[in-house]
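Below you'll find the structures, each written out as structure tokens.
In the two complexes below, subunit A is the common chain; its partner is subunit B in one and subunit C in the other.
Moving on, here comes the complex of A and B:
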């Protein structure tokens, strides 16, 4: 019964989202204020309905209700409870429902957000958001219904793919989706502005918190996915330039560019047309990421036809939103007034360069991902575009981008001075050079790019710190050397300044982590109990091999002791092969030992029946955790920036009104 | 396990998540060459060759039987005295260009390889055009009439 109510709630959400989409537009034509106000309760109602619907599906999964097709296909009574919950979005239908849930959540947040968004802009934004929700709910109801029943209900389900029975599934898709879907708000704002024909600093300020939120979550989502792949894959790679990964990287690159271009628009009223285009492209890439990947078209041109209704629906959605918005852009963008002049060497100029390199990187990933597909469908020629291509093209674009990061922050708005900026960055440049050279000398004969990367990372981290310090010390007459004053002033700096520093330092930390992988080592050997295998500065000794039982799997586990080269014990690691009887699948569980921010990574290979010997692969991954910790620091920067005063422009005004005596407030 | 990766990929694609296809174990201890320098070269070559039955995995990372065959061929050719390029062209000769993870630079991949440069060039060109237009449209200072008006206003102060 609950399932049917959940299904019905979804249908109700479909109707409400249509109301949300149509009423503000109608109101704009008829001038009826009451009609325009309908958008807010409609957005809240849509969210409530989808939340209920999602709750109903979650309940079915939690209680293993095998009369529901979706539960049968993806669950099992023996499955651990956490995976019963995360299994809700571990499949196509459920993940689509999560997608629209987040979409409706963002719509509801825009409806109730108390910032100073002009009413017309808010209503139009809600209308666009409503249209997106409507189309996707329609997609779920017509082609991907998670509430379909089976009769008679089977006694047992097919279980979730063992690879997905991991904590990674519990948090990676939700984070990623909040990122993807968050950009729908900036998209809706952009479309609303185009419809309105007006865009200014107020628009940029209204959009910024949404962009920041989406970007922070997408950053975390990508990093989490990367770490999941790292420990789940069993061979220690952390980025594979896989089409699925590229699909999430593209909106991130475009979103990062958008984040920076809105700053220029907010402060200097420039780059308006470009910012609107970026807002459209970012969400278009999110859509493309979610759905081109989902349709399977990236794996093979032919798999698009496996489910024709879904495929055609997806294609129609993409054409409607991407084609429609770009057409609207081409029509309305020339009407947007340009403003804000600036010299090439200025903060704006640096941010334009940031956008140029990010856009070029995004275009490279886009073409690299889709080129084989295009070539095959046009000429029937099959080529592969893999990691070597992306490394050759992406890294040369990333390095100049990273080099200008501290410069951009140091340059003044409108007209900057390269000489002065270099002087202020002298400490960062000097330290980075010394660090790079010292590392090079110490690791002489090793990979050449790794010390360069370490220097670059150090430069970024120190440059970010320096920016805070030099701003806190002040300029000209107010310049101070007193540590106490500097500290107080630093704390008094706008949160957005801190956010920027954190985010940029985070990028530097990621670069350090990536660079250090140049020194990663790998050992490979067949071991009998008592024998050892060395990798880098660590040695693993196989203590024993034995069976172990899990909740819904049986495992052959290798127990290892890790020692350093001096023979001191550092810790123990267990790596195993898990057999899941429900799916008859075997999965390798890698064993990790974290030492500081470095890791020893063990992966079990073949288990020989005779003599208890095993194949073992042992990696030493120096500073590897910095890759993901850096991403967390970046997202933290986004969060700190979100708490900036100017994000809450409505708040001080309300506080002032309350502080005034009632009579005075009334007189105003 | 040969059917399993496909299933996994299908599911992960359905998820829109990353694609860890577990159990991948790649190079087996018995495949490793005695000569470490030659083994290093073999690994380098392998990392650039696609596993033909997997999705976006090099033969160095794949545990598919076909990938193993290719790894063994690479090592055999190296032991027979081939250079890295010779090994690569031997494999391409047998399996086609599709096997190369880094596509060749040729007419049909021109657009692909030139994308980064073209994107930067296009961007710079756009910026240049914009700055030209800005320079034309920039305010040319005050007109004589406006100067006179300001003068009149300041006199009145």
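Moving on, here comes the complex of A and C:
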């Protein structure tokens, strides 16, 4: 019964989102204020309906209701409870429902957010948001109904794919989706501005919190997915330039550019048309990502059963939104009042360079991801574009971008001074050079790019710290050397300055982690108990191989002891082959030993029946955790920036409004 | 600085970055693209030794031989032609005889394909798309039905258990 009500609630959400989409537009034509106000309750109603619908599906999964097709295909009574819950979005139908739930959540937040957005802009934004929700709910109801029943109900389900029964994958999709879908708000704002024909600093200030929120979550979501692939798939890599990974990287690159261009728009009233275009492109790339992941058009190490009708439906959605918004852009953008030009050497000049490089990098990823599809449809020739292509095109574009990051922060608005900026960054440049050269000398004969990357990472981290320090010390007459004053001033700096410093330092930390992978080592050997395999500075000894039972699997585990080259014991690692009887599937579980921020990574291969010998691959991954910790620091920077006073107080008109609690401010 | 020169600098910067990106894409395209070949194509057209490509097909029954030190030999077939493959490393969990796989590597002068990467999709019923297409070309695969004329011991694909979620397949690299 609850399932049917859930299904009905989804249909109700379809109708409500249509109301939300149509009423503000109608109101604008008829000039009826009351009609325009309908958008707010409609947005809240849509969210409530979808939340109920999602709750109904979650309940069916939690209670293993095998009369529901979706539960039968993805659940099992023996499955641990956490994975019963995460199994709700561990499949196509459920994950699309999560997608629209987050979409409706953002719509509801826009509806209740108390900020200085002009009523017309808000109503139009809600209308666009309503249209997106309508189309995706229609997609779910017509092609991917999660509430379909089976009769007679089987006694047992097929279980969730064992690879997905993992904590990392339980939280990865929600994080990623908040990121993807969060950009729908900036998109809706951009379309609303185009409809309005008016765009200004108020607009930039209104979209900034949304962009920051979406960006922070997308950063975390990508990092989580990367870490999951690293430890769960047993091949030791952390990024494969796989189409599904690229699908999440492209909106991130465009979103990062958008984050920076809205700053220029807010401060200097420039780059308006470009910012609107970026807002459209960022969400278009999110939609494209959904299409790539959900349609299976691209061959990926992520496997999907392809369903042509779904692919065509999503393609139609893609054409509707991307084509529609770009047509609107081409028609209306010339009417937007252009901002002024500005000096090339200035904060805004540096931000333009940031946008250029990010856009170019995004374009190369786009070409590399979609070119195989284009070539196959034109010539029927099948190709794969792999890591060499992306490393060759992406890295040369990323390095100059990273080099200008600290400069951009240091340069003043309007008119910067390269000489003064270089002087202020002298310490960062010098330390980075010394670090790079020292590492190069120490690892002489190793990979050349790794010390370069270490130097670059150090430069970014130190550059971010210097920016805070030099701002706290002050300039000219107010310059001080007193540590106490510097400390107090540093704490008094705007939160957005701290947020920027954290985010940029986070990028530096990621670069350090990536660069250090140049020294990663791996070993491969057939081992009998008592024998050893070395990788880098560590040696793994096989103690024994034995069976182990899990909640819903049985495992053959290899127990290893890790020693350093001097023979001192560092720790133990267990890696195994898990057999899940419900799916008759075997999954390799890799074993990790964390030493500081480095890891020793063991992956079990073939287990020979006679003699207890095993195939073992052992990796040493120096500083590897920095890759994901850096991403967390970046997201933290986004969160700190969100608490900035500017976000809460907003436009001058808002100064009279009563202060909002912190939670509301973050939601704005 | 005049308005005109500011605009010129902006346009020049845009042009330079775009030209750099385009140049990188074009030069990378010529060097780092890997083509997909089925065993029939390898047999018929011949691939120059040393050219990197992806080989896809079914692991031939009874062909898997494990050598010392984690080396493994097996044959990849599309039921028409067969290519002998040599690989050193851990194989994906779902690698087994009769399973569709994709191997990436180079053909050696003796006609043996030396793979450095072996990919197998994680779901037993899932056939890599290229392999399905190659088999279709042989008339051995039908959309929705799976293997038409099944080679011994190969299960027909069961569409009902097909996975619809976001999952990574198995992969092994040397």
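We take it that the second predicted complex is superposed on the first by the 639 of 668 C-alpha atoms of A that agree within 3 Å, B and C clash if a C-alpha of one lies under 4 Å from a C-alpha of the other, contacts with A are read in each partner's own complex, and residues count from 1 in each chain.
Convention: a contact is a pair of C-beta atoms (placed from the backbone, for glycine too) under 8 Å apart; a residue touches a chain by one contact, two chains touch by 3 or more.
What you are looking at is a predicted structure, and each value in this text was computed from that prediction instead of being measured.
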Fit or clash - subunit C, subunit B, common subunit A: clash
First, second, both or neither for A:617, with subunit B first and subunit C second: both
Which superposed partner A:243 touches (first subunit B, second subunit C, both, neither): first
Touched partner set for A:438, first subunit B, second subunit C, both or neither: neither
First (subunit B), second (subunit C), both or neither touched by A:158: second
First, second, both or neither for A:385, with subunit B first and subunit C second: both
A:235 touches, of subunit B and subunit C: first, second, both or neither? both
Subunit B and subunit C footprints on subunit A, overlapping residues: 90-92, 95, 161, 163-164, 173, 229, 232-235, 237, 242, 244, 293, 296, 299, 341, 344, 352, 356-357, 360-361, 363-364, 367-368, 371, 381-386, 388-389, 392-393, 396-397, 524-526, 577, 585-588, 603, 605-606, 615, 617
Residues of subunit C that touch subunit A when the two form their complex: 1, 3, 6-7, 9-10, 13-14, 17-18, 20-21, 24-25, 27-29, 31-36, 54, 66, 68-70, 88-91, 93-94, 104, 119, 121-124, 126, 128-130, 133, 159, 161-174
List of subunit A residues in touch with subunit C within their complex: 73-74, 90-93, 95, 158, 161, 163-164, 173, 229, 232-235, 237, 242, 244, 293, 296, 299, 301-307, 341-344, 352-353, 356-357, 360-361, 363-364, 367-368, 371, 381-386, 388-389, 392-393, 396-397, 524-526, 577, 584-588, 603-606, 615, 617
In the complex with subunit A, residue positions of subunit B that touch it: 1, 4, 7-30, 32, 47-48, 50, 55-58, 61, 96-103, 108-109, 111-113, 115-116, 119-120, 123-124, 127, 131, 134, 138
Sites on subunit A touched by subunit B in the complex: 89-92, 95, 161-164, 169, 172-173, 176, 225-226, 228-229, 232-235, 237, 240-245, 247, 289-290, 293-294, 296, 298-299, 341, 344, 352, 356-357, 359-361, 363-364, 367-368, 371, 375, 379, 381-389, 392-393, 396-397, 524-526, 577, 585-588, 603, 605-606, 615, 617
